[in-house]
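Just so it is clear, A, B, C, D, E and F label the chains in written order, and each chain counts residues from 1 on its own.
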């Protein structure tokens, strides 16, 4: 008899301390008071770090993430250089204290996958060919996790790239749609993620191109299509907040520079 | 450099074929390459399958042992999926820690099985809180001819469907089949020049930039999706792929995964 | 090369200022930069603090769980301190296994807490020999503006002082504060051209070659010291720093760490 | 009190589920029906993989191994290059599912040693000096293990090298001899390996040069010498099968190319 | 380049000596270099030995603790052998994970002890299925003068023969000797230009290409063999070495390992 | 409930098997018979290894350490080269058998820190600028540990550097001072380290420059200053023994060369 608990528990945040609520939606209202198509509150601060070339602090409900961008800069190790474009790297990392049960520091399989799909969500909007042989490094640090950290990270990273002055075709916005109590809902919170029937994070450019799409759970083909439209609307809302935050920083430099 | 030129030439070639409605191996856009699934090929494993999908070859082995359940699911068994892109399968795969591709493939195969609830985890419980079955699904990719995702998914399900819980060996009763209750099937598509093609070959996959995998169940519902690669997709493309994938999954399930 | 020239210029600049009795940011030699400490910033942690010290920014999270005691201290809880120099905090910090600087910083913060006996470890015992509280102190450095040591130490103590033992969640009684009995404060100095400066900025620290950290307690005693860097120090310099550090620690404790 | 079970159990295949038979040889016949000097059935397929430059599937009793060869090709990392000859690398790997108790993926000390001695068993026959600054990579994957995987791997690798067109002085053939119930026997099976008194794998060129020799257990000096002769005879038998398999592939390309 | 020339010159030199029936240090072909074994050199270890074999120097430490037996051998103790080619022992040994040479040496030393049944594992059982003695044999190579294999093997046996089970410290009775019942001795030979030489020096070993180690017991039987290196050997060479090794082992055992 | 014992026990030598003595000093005499300001017996052998460019065996009470120096030599990997000076590297390693409870082989956080501060203790006296683009490698192996291994290692390494002919401004000497039973004592032994009130290792050049300084425990400001003076006196005593050992080797080469 062997125990793989050690391996597994670092993979996914555990639900040890939670109890399943009886209903997740009552009279069309979710447990945290939102309507099905409503996003959680969002708080954005641009340029919160001094050393990084660009940075952004992003709160998405109880999620707290910070993104930093360095680059274009030299590539180490050299053999990772591309001769005709920049290499984009994305490192998603959860702080040990960001979840209920302490996470062991360092990358696990989940964070490797999240880093990969997040990088692919942003690459299409970056003019990589402008910077051959260089690297654009994106670091996303999750300080508190509450379902939706990968979408929060992409939203933050997109702003941090702009803050770093990296030439981009557009911003990228991300949010999830899910199914709970047989109803499609936008932007799952932790309980809805744990006890819901489906979770589908997407990322999108303002003109509707999908750059990230993942899905887990159970959806009919029609539900999927309806959900995709709901998520796209959510992304457009977020895009407006992202633009507003960037504008605010650049219109009133004094205000936005240092205090978080 | 020569690699880049080769890649350009291949791209032109496949693109020009596509305009004429053709693929390099003569298939229709929604047609799969030849599939051959053999099960019970590894006698020491509790379940196993060898899958050929065109030039792609892989072996899935399922090992089952007893272990302790997770504290938060004391009455459920455990599934662990691992996938190795062995260096013998391609000049691109090097030895060392698993690349992000291998991690992604393993996790998508895992979610396909887990989220579709194809295994009844509560039937993997032996003594609640103390002893449950741990199901290790290991995918060994031996030859990379493209679309490892679908081959791995077919192999995992085939190995599980023909596998058994080794209760006798662990002294907890009689052997029995692995408690399956659904048959998820992954179908992967690429978009090349505005055309959607299922089951991309190695060349098609290498020029396409982005794949979309849709995993669907017996009831036609979707239990998993994964976009992989840097090119964006439009809503129309995605919806088209979803419908095509559900249709194709039914066909594959009927043909290859009937018990 | 250009880096070396920049470094030479910076050195000259700071050195010339020092001769005039000045620092690049206008501070006195024994003056700290602005400090801002916010506690309970991470609701999911049992204790947390965000510290800004000039341009330096870090977050300390304290997670507390039950675990088994060490065989040789069956009636004592366990403290584990970890510090990560995240690659977002500086172009100098790369991903990968912790650098020796991070290991040194973590161990000095850890000893500061442990050796000062600021936490009453025997009050972290739940059932002797079986179950004790394990206190994980994780320091995440987000922006390196110099003197991470003092910021980390302030943050760790602030997080502990405002944290709680989650007894209810682990079903071992009612929540209670972490049993603190002292408030160690780290003060770091550098020597540049014969002058001692407290709380070195990034530039000062980079040209100084050697730092000396002195951790002192409420009673004015020393509970930890660490010289870090290749330049030697004289006995006079060390003794001067010790006195200045004890004095400054009192001031910082009073201002920022009164309960 | 500490437990090193975790470390150890990945080192060697465990015998947990087996029960020692009373006798391993009865009336001069072994439990699997073989005579003392008889090999297990062998099945060989050449060129079973498309991507590799050369490959071979080899069954040796219940052992199932597959060998692939890539090269001569560029060496990474560069500092491993040799200026006057090719560097030969050999990676022996057991699939997690190849043994009774699941093996943790990745190399352990046993597989490092097996890789080393197997490489040394093949290097003498490869014209390495023809390919300075390049690498010849041999990968052996054990799909099912039943005592004798290292010799099965060398037999397969030898054929895969030929299939890849690597210039060789000769093939290399390998098998083990052992002692069970005080009798010398050729090519131990799993039970004989576990409960026998000695195990001695060797590899040999057709002209009788020994390129691998290991021994564990208890043998008198005379038994050793007799056993070595028995193993050499076994190797010669295998060499004939290896040659036949290669001939078959190259005489009837249609048959031997793709179906396994 | 200069290394290759040096290596050629050394090869010529040793080869020419050999033709004259000589070795670079004046030994006969079957003669060992000076051997010095000191035991109990590490008081904190349960057994220890320092071995000098010509220019080769190593220390073997045996640590013994209680632990749980393997499920399949509930009534037997556990031996674990480790060998480190420390970077101080040679410019060729770098820090980092053990090289394949170190792994091979450790495993051959281990098999020599294990397969010869020199330790009575059943006497290492304290409570069947629950508690057994775990014997850790650690070989630290401090100076590589060639033929580490034989030095390590001598050291391991010497340390075991003079070691003790620390029963008192673990509160399971009175201390007693490690239960030995045989004294395996490894003898290593090389072949240079058709001549067999025992106990190769660093230079001899570096030009020989292949070593053959034969481990034999008190009764003259063989309990382990390992060919290491890329040159093939003939049956005659092997048989000659086997006989010479068994003879030499008797001599070494008598001279250095009599209790 | 989780157990981090595995992680921790490799970090620090454990005290499992020890019992705290009632008094550590009685009538001004320590348990091992020393006066408060007395060092443990020291035994030094220079040039004990053949392969290393310089070496030293150093016994400091029950501590037994051996230091080896290689260099100046080529730097691998190349990117660690410095264009205007040598890079000094220091690797402190404890043998698994050097402590009561077997230590798992390989570096842990403690040895990483000890290596760093020890390197910094020696760098000030090495003329690094004489050897641009090269490496000076110092290896310290602890064969037996009994409180004070880092100072023993620095003392040994300092001699090994001289033995290797590395140009140095001076030797470096190191010892600890501590507080036990409210008394300042020089050069703590294991019991005094485990049950004492403070431990402060220092390293010093003969002209009184401090190159290493660490402190744990509880000292008043005055005790610290007094302790520092006591440690400095200890270092001067050690410096004389170091010089004597080097002189002895170079005056009577016959005696000092090979036998340990």
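A few remarks follow.
Following the convention adopted for this analysis, contacts are C-beta pairs under 8 Å (C-beta built on N, C-alpha and C of every residue); 3 or more make two chains touch, one makes a residue touch a chain.
Keep in mind that what you see is a predicted model, and the values were worked out from it rather than measured.
Minimum number of contact steps separating chain C from chain E: 2.
Listing every chain that touches chain A and chain D alike gives B. More than half of the residue-numbered contact pairs at C-F reappear in one of the options E-F, D-E or B-D, namely D-E. Taking the mean Cα position of each chain as its centre, E sits at the greatest distance from chain A.
Distances between chain centres, each the mean of the C-alpha atoms, put D farthest from chain C. In terms of C-beta pairs in contact, C-F outnumbers the other of C-F and E-F.
Once the centre of each chain is set as its mean CA position, chain A and chain B turn out to be 26 Å apart. One inter-chain figure worth recording: chain C and chain D are separated by 57 Å, centre to centre, where each centre is the mean of the chain's CA atoms. Centre-to-centre separation of chain A and chain C, using mean CA positions: 31 Å. Residue positions 65 of chain B are each in touch with at least two other chains. Among the residues of chain F, those in touch with two or more other chains are 76.
Traced around the ring of touching chains, beginning at chain C and stepping first to chain F, the chains run C, F, E, D, B, A.
On chain A, the positions that touch chain B within their shared complex are 1-5, 7-9, 14-16, 109-110, 112-113, 115-117, 120, 123-124, 200, 205, 208-221, 224-225, 228-229, 232.
Chain D meets chain B in the complex at residues 17, 48-52, 55, 62, 64, 66-68, 70, 73, 76, 91, 93, 95-102, 105, 137, 139, 141, 143-146. Chain contact summary for the complex, chain E toward chain D: residues 65-68, 70-72, 78, 80, 100, 103-104, 106-107, 111, 115-116, 131, 134, 212, 217, 220-235, 238-239, 242-243, 246. Contact residues on chain E toward chain F in their complex (touch as defined above): 42-45, 48, 55, 57, 59, 61-63, 65, 82, 84, 86-91, 94-95, 136, 138, 140, 142-145, 169.
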